[in-house]
Structures are given as C-alpha cells and as structure tokens.
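Quick one: this structure, given as structure tokens, is what I'll be asking you about.
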Amino acid sequence: MLEYRIGTLASHSALGILAGARAEGFKTILFSPTQRRKRVYDNFNAADETIVLENGYHDLLHVCDDQTILIPHGSFVSYLPLDEFLRAPLKIFGTRELLRWESDRDLKSELMKDAGLRVPAETTEPDRVKFPCIVKYHGARGGKGFFVSKNKQDLNSKLTGEPAVIQHYISGVKVYVTYFRSIMRDRLEIFGTDIRYESSVDAKLHFDDNPSFTIVGNLPMILRESLLEEYLAMGEQFVEAVQRKVGVPMVGPFCLETIIDENLKIHTFEFSGRIVAGTNLYIPHSPYSYLYFGKEMWMGKRIALEVREASENAQIDQICV
Amino acid sequence: MLEYRIGTLASHSALGILAGARAEGFKTILFSPTQRRKRVYDNFNAADETIVLENGYHDLLHVCDDQTILIPHGSFVSYLPLDEFLRAPLKIFGTRELLRWESDRDLKSELMKDAGLRVPAETTEPDRVKFPCIVKYHGARGGKGFFVSKNKQDLNSKLTGEPAVIQHYISGVKVYVTYFRSIMRDRLEIFGTDIRYESSVDAKLHFDDNPSFTIVGNLPMILRESLLEEYLAMGEQFVEAVQRKVGVPMVGPFCLETIIDENLKIHTFEFSGRIVAGTNLYIPHSPYSYLYFGKEMWMGKRIALEVREASENAQIDQICV
Amino acid sequence: MLEYRIGTLASHSALGILAGARAEGFKTILFSPTQRRKRVYDNFNAADETIVLENGYHDLLHVCDDQTILIPHGSFVSYLPLDEFLRAPLKIFGTRELLRWESDRDLKSELMKDAGLRVPAETTEPDRVKFPCIVKYHGARGGKGFFVSKNKQDLNSKLTGEPAVIQHYISGVKVYVTYFRSIMRDRLEIFGTDIRYESSVDAKLHFDDNPSFTIVGNLPMILRESLLEEYLAMGEQFVEAVQRKVGVPMVGPFCLETIIDENLKIHTFEFSGRIVAGTNLYIPHSPYSYLYFGKEMWMGKRIALEVREASENAQIDQICV
C-alpha cells in the first residue's frame, strides 16, 4: 500500500499523469477549475477523486493535503500565483524553484547561457534587435500574441508598448526535446521529441502576412540519430546548470525548445522545467522510452515510477526539492 | 462461436477493420473490386475469405449474405449507389441513414447547424461568397478538384459552372477528431486526432498559385488537452442532433472535421458519419484509446468489440440501425 | 545459443538495430567513431560490447570478426570506402552490392527505370533541364547543399561547377515507403511510411528564397489505403529488377522515395538499398508491421528475426548475399 497519492490540475497533461500514476499503483486526485472541465476527466475515468476548485485555481493551495504529491505542469505556471505556490506547504514533484526561472525571462536566459547552450540574441530594446525577430509579450499564454517581424519599420508599426522580449528569429526547424532526470536511477533519459502545431502559422494556405503562434497541439517527430549526441550533452549541461544556479538537483522532466538550422547547429530559445504537453503524444510510449524500458512507459508513468521508487526508499524529499 | 462474421470493401480502412474483427474473434470476409486489389489484402493475410466483385462495387449488394455484418467506410459512400445500398436487406453496422446526410451537402449543413456547431458560411451563389473561399464540387473524391480563391475576379475565372458549394475558408489549422459512440457501454469516446496530408497543398515548395487538395494520407497529432472540453461537448451535441434529425441513435464512429483559428475558436466544416481513414494511423492504439482501454485498441477493433458485445447480448439490431 | 552476434556502426538507426537484435536473442557489438558518440549508446544501454574506432570508420574493416553479422545503414554508405567495404571478408546482412547501385547516380537511375518506376527527368547538363528543378551535388550528405531552381537564369547563377545531377522537381508531396523483403518467409512486407523533416525547407516561416534540405529527422504518416496497391506492385518490381540487374536476390529492407502529385501519380526519385532512418519512428511498431505480426516489430527486430530464422536453418549465406 503506497503512502502517497498523486494529484494534479485538470489540464495540459493531466490525463497522462493520472493514468501513469494508476499504472504504478497510486490512488489519484484531480483538481478541476470547473464542473465542465471535470466532465472530460470523468469521460476518461481518469481520477479516483476530483475536487472542483469553486473559487478558482488558487484554491488548490488550500484544499491539497500533505499525503498528495502534486505533479506540476504548464497550467500551474500559467494560472497559479507563483510565489505563493512555491512557498506553500505542498509536496510538489520535481525542482519546484525551477518554475520561477522558467517564468522569469531574465532568469531563463541566464540559466540557458550558464548551461553553455547556443541561445538566440535577445533584447527588450527595439533599437538593438537582430532581424528577423520574434516578439514575445510577457504573460502571453500558449504563444498567443507572439509575432514576427522582418525589419525595423515593420517592428515599430507592430509594437504596442507592452513589455516584451524580442528574440532573433533563427531560420530553421523547431524541435522540442523532453528529458527525464531520474534521481532514483541516477541517469538522464531522452524521452521524446515533438513539434508544436500552431494556428495560424501551420495553416496550409496563408491569406495574411502576420501568422500567429497559438498552440493547438503537438506533432510527433524523431531526430536524426547522430544529433542525439549533442542533445544528450545539452541535457547534461542543463542539469549541471540547474544545480549550479538554482542550488538544488534537477529532478524529473524538462524540455529544451530548439531550432536546428541548415548547418545542423542547434539553437535553444526556451526551456520548460517540468512536464510539457508534447509528452501527450507518447502514450503509451515513445520510440526512445521503449528503447529504455522495453515496455509501455510514458511521461506520466515515468514520473509515478520515480515517486514509487523514492517512496519505497523513504526518499520522497529527494524528488520534491 | 460467434454467430456473425464481419465484412467490408477492400479499400479505405479495411486492413484495420479486418484485423480488429479477427482480434475480437470474428471470421472475416472481404469484397474486392479487382484481383489486383485483392493482392494487397492477401499480402497482409487480412481476410478469411475474399470475393472479387467481377461486375463492380454494385455487386456487393447481391453477394453479401445475412450472416455478415458490413462495416461501411468512405468507399461505400463514394462508390456504391447510395439509395440502393441503404434500402438493401444487409446488416450494416452503425447509423446507416447518416451516410445519406453525409453525402448530401444541404442535409450535412443542416445537421451540423442543428448540433450547434460553428460552421463556416456556405453558399452555392458566387455573388454571396465570403472570401477567401474554398470551392467544393459535388462528387469530388478525396479532395480532388477543390480549389481556393481570394477574391471575386479570381473566383469567376476559375468556376466551371459545375454544381459546387462555396465555403468561407477559415484561416487556421485543420484537426480531424474521430469519436466512437458506444451503445453497449453507453458512452462517447474521443478516439484520435489527425491531419490530412494533401497533394499539392502540403508540398514543401510551391511553384504554382493553385495548390490542390488531393488526399494522399494522414498525419498524427494530439490536441492541447484543454481543447478536449469543447470537442467532447461538440461530439455530444452531434450525437443528440443525429437522434433529433435522423431519428435514430448515433452508433459507432464519426468524425468532425474542424479548423482551429488563432483565437482557439473551433469551426466545423464537414463531418463523416462512419469510420475515417485517419484511424489507420492509430493501429494498434492512439494515445486516447490507450487511456480508455489500457491496451491495444484501434478503431477496427473497437467496432468489432461493439459488435461482439451486442451479439453476446442478442442486441445486433441496436448497433445496425 | 545463437552462433552469430549482430553489429553495426554507432549512428543512423543503430539504436533500433541493436535493440531488435537483443529482442531476438542476439549478443550485440557496436562500432563507434568516437568516445563521445559511444556515450549516447551507453546511455541507452544499447550494446553488449563497444569498440571505438580510434583511426576512423575505416577501422571497422579490420576489427570486425567473422562471427559478427554487420547490419549496414546510411552511415556505411556515407563514411566507408565503398569498394573496400564491399570486397572485405565481412558478413554483411542484405544485398551488399546494391549499396554500390545506391551510391552511383547512373546505376541508381538505371535500376529504377529497369523496375518500371516513374522517374523524374534527370540530367547533368544545365541546357537540358526541365524546370522547376532540384540540384543534387554528388557526395552531398543528408540533403545538405541541395537547392531548387525555377528557371535557367536562376540555375546558372547558382551552379558552382561541381559535379551535380539536376532532377525535374515534381510538384507534390513526398512519401518514403520502406519495405522488407524476407527470404526466409518468401514475402515482401510494406513496413512503414514517413516524411523527412528538413531544415530549412520545413521552417514555419521563410525569410529567404533558397530553402535548404538538411535532414534533421523524420515525421510519421500513413498512406491512403487504396495507394498500397501501386506501392506493393512497385516494391515487387524493384525486387525483380535487383535480381535482374544486380544478379542477386533483394534481401532485407529497402526504401522507395517518392512524390505523389495531385493526380495521385507516384514518381520515384531515389531509393535506398538498406535500412533507412525513417524506421526509427516505428519503434516498437508501425501500423503496418503490427498488421503483419500482431505484436512489437520494428525494422531492427525484423532484421534480427530474419537472421535468426536463417541461422536456425543454416542459411546465413542466403541473407548475406
């Protein structure tokens, strides 16, 4: 009988997290923002118990007990008051403080550079922009409101004055690589690779010159095998940088968001310090996770496996850091 | 020993249908339009028995016995005389009459609107077109002959005078969502999501301004999890509309063919009232089907499971409506 | 206890090859060009033994013993001295001599034409080019350096004088179809279909008019089922042409690289006479391989299964031709 149960918010990658928890023998609890949202998870019979957060996401901080290990995902970062969440007396799987570094544009750049990753030039000053560029407003969710610009005149006509970071737009193809850092098995796993499917930039036909980047889903892809060498090194460097800068070990899933140019140079333009939605593609396995485990293993199950092994060794404090 | 066998036409999604039937313990029969086509299915050892329809598809109506449950797919809609097929004394899985609504442009629009879906403006009169538009000739198969137009002058130069429906072309990305309505388990399952791969609009480089929409295959994708809430509601509304308008229950697979715009608004521009070819991607499972069943479950197998459960309960009439 | 072990070079599709060999009960050996590369395969615990080729790929010819069956892949073709490799007293799985036909542009065209495939017009003389065209320099690796051109003036301004073949660029979508010719079971299997993911031609936005074709990975897709009829015939014709022109049986995996135009005509512009990287997508199975085997079966495992069956029948000479 496992001591803890596993819980998460009803969004983003919760279906895989809950199914993975069950597959590893855990009881599950879901925190849903609305009754309507709860219906989706009921349809999949996803959780043993569901609590509807009648007063909004914030309620999570008050209704979650200390026998629940929370698995944070993108909606935690987008919808919870971050400081309060990080200070709350909750058991949160993974490297809790890394969520702050992910959310703060300056800390984010600092960490990627410290890891020795090739990062596109980035500025907040329109006069110092390298073109083409992509403009990312703070607080933009799911890519909505991002836009690209080819030259200064165009950029000036589009900027609204809201705080934004302006990144050099590297010509190439995007690849999102998800890793899992296991403390229990002391290794770094390359878990899967995907591409985002975005409206309207992925439309088959374009009738306007300002495509948008609203994420509607994810597409599977697999890397040229010779590129794994550099991606493995990048993941290891990131793990080391987290220890160095954040001061605690990297635990669990993270994602490096990259562009590969035509010379096969890899540029990292973002990271996520927790499970990403691209892992939803790989239920019940990715090619890579199958190679490691030889059976069904998706990210939600991988997380639960780590929790179970920590629990059996009375080392929960090692994976909720 | 199961009372019925399962049969279908040698095209579209027959490999998955037959393999699924076998996996659920059924004997299978294949109706092939030619000897050459039969060879594909023999290569996969797909059927227990194959009948070549020497006089064309139409022969199916005469050679299929009443111990066979036919699983209709896109080729039934494209190649059989619809009225005759629907009146024939055959056991046809699913909501037989819905194939008529799918095939008739006016009935199709009526049903989608009755379901409360957001439908693009549509007209047959060139003067009332909302641009950009897509022109769909009646009887066009697999997207061949469809074209887009940005303005009135361009449209008039391209129209041939054949009967066509002209739809407002919504800017965004397409997502095809397949559902399974189970009578035996009284639930609606979200079974998988895909994108069509079309020549030439999906070509990497374009050398002409009039790309075509001939379907050559399907690409897998997975939805942003928060969008499932609306897609589940849309599926439920569709099921209710079928009961209301067609007058019988929705049974088995159907597909809503949608465009998601940059504001995450979902527009439904077509439906299919039977298995779609996008399900071929998800043999032996989709992420969603795995979440429901925790094992191999593709659409062909799901259909056979429904038939088996109905057969065991002597309720075949409930699933061939 | 199996008599042979299975070995390959540390690149391209080695992870799947080694995992497949293990799944069929073989011991495995990996030949790695560097220590750094070895780390990737160690990370996946991929091989029982690894030899680092301190003096470069060429060393493989000297360190590989005769109890090892080598599985050739794309890196063998790119990095080994071909003549020496083909003459070496090594046990090489598949149709060894076909690697020469794959590497020589003239032999390659000859074989495809002999197989009766529809091949794009091809020339080395800029005056006889059919536009639009794609220029492929000899020895280009992974598509790097390929470019397209719309007209003569543009072409002349881009040609560098290096030896190149100039192919008519067919407007349509690409589909890479992988087959497995089994000698032991005397059949041809359609194993999977994929699309290449290329930088920068697959970039979401283009800021320059000369996109490049550097392969960074592969994307899954599935064919419209009615197209399998022609693809099966094409594969069979290719197998016959190999026997006729190369003078030995086609053994194991090969790939036809095709473009489907808007009239569903299939054009074949390249072939590979061995495992391709697109098979990496389909670990542990593709929809097609699952239909044949009803369980986990990826290309690396399929190869090992063929080797095992040959070994058990003392017919290794039948599959290393």
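In order of appearance the chains are A, B and C, and numbering begins at 1 in each one.
Methods note: a contact is a pair of C-beta atoms (placed from the backbone, for glycine too) under 8 Å apart; a residue touches a chain by one contact, two chains touch by 3 or more.
Being a predicted model, the structure only gives us computed values, none of them experimental.
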Between subunit A and subunit B, two copies of one chain sequence, what rotation angle (nearest 5 degrees) aligns their Cα atoms? 120
When subunit A meets its copy subunit C, do both sides use mostly the same residue numbers (more than half shared) or mostly different ones? different
Calculate how many whole Å lie between the centre of subunit A and the centre of subunit C, each centre taken as the average of the chain's C-alpha atoms. 34
Which residues does subunit C have that touch at least 2 chains other than itself? 198, 202, 219-220
Residues on subunit B engaged by subunit C in the complex (per definition of touch): 11-16, 19, 23, 36-37, 39-40, 43-46, 75, 142, 144, 197-200, 202-208, 212, 214-220, 277, 280-284
Name, in rising order, each residue of subunit C that touches subunit B in their complex. 132, 148, 150, 169, 171-175, 187-190, 193, 195, 198, 201-202, 211, 219-229, 232-233, 260-264, 285, 287-288, 290-292, 294
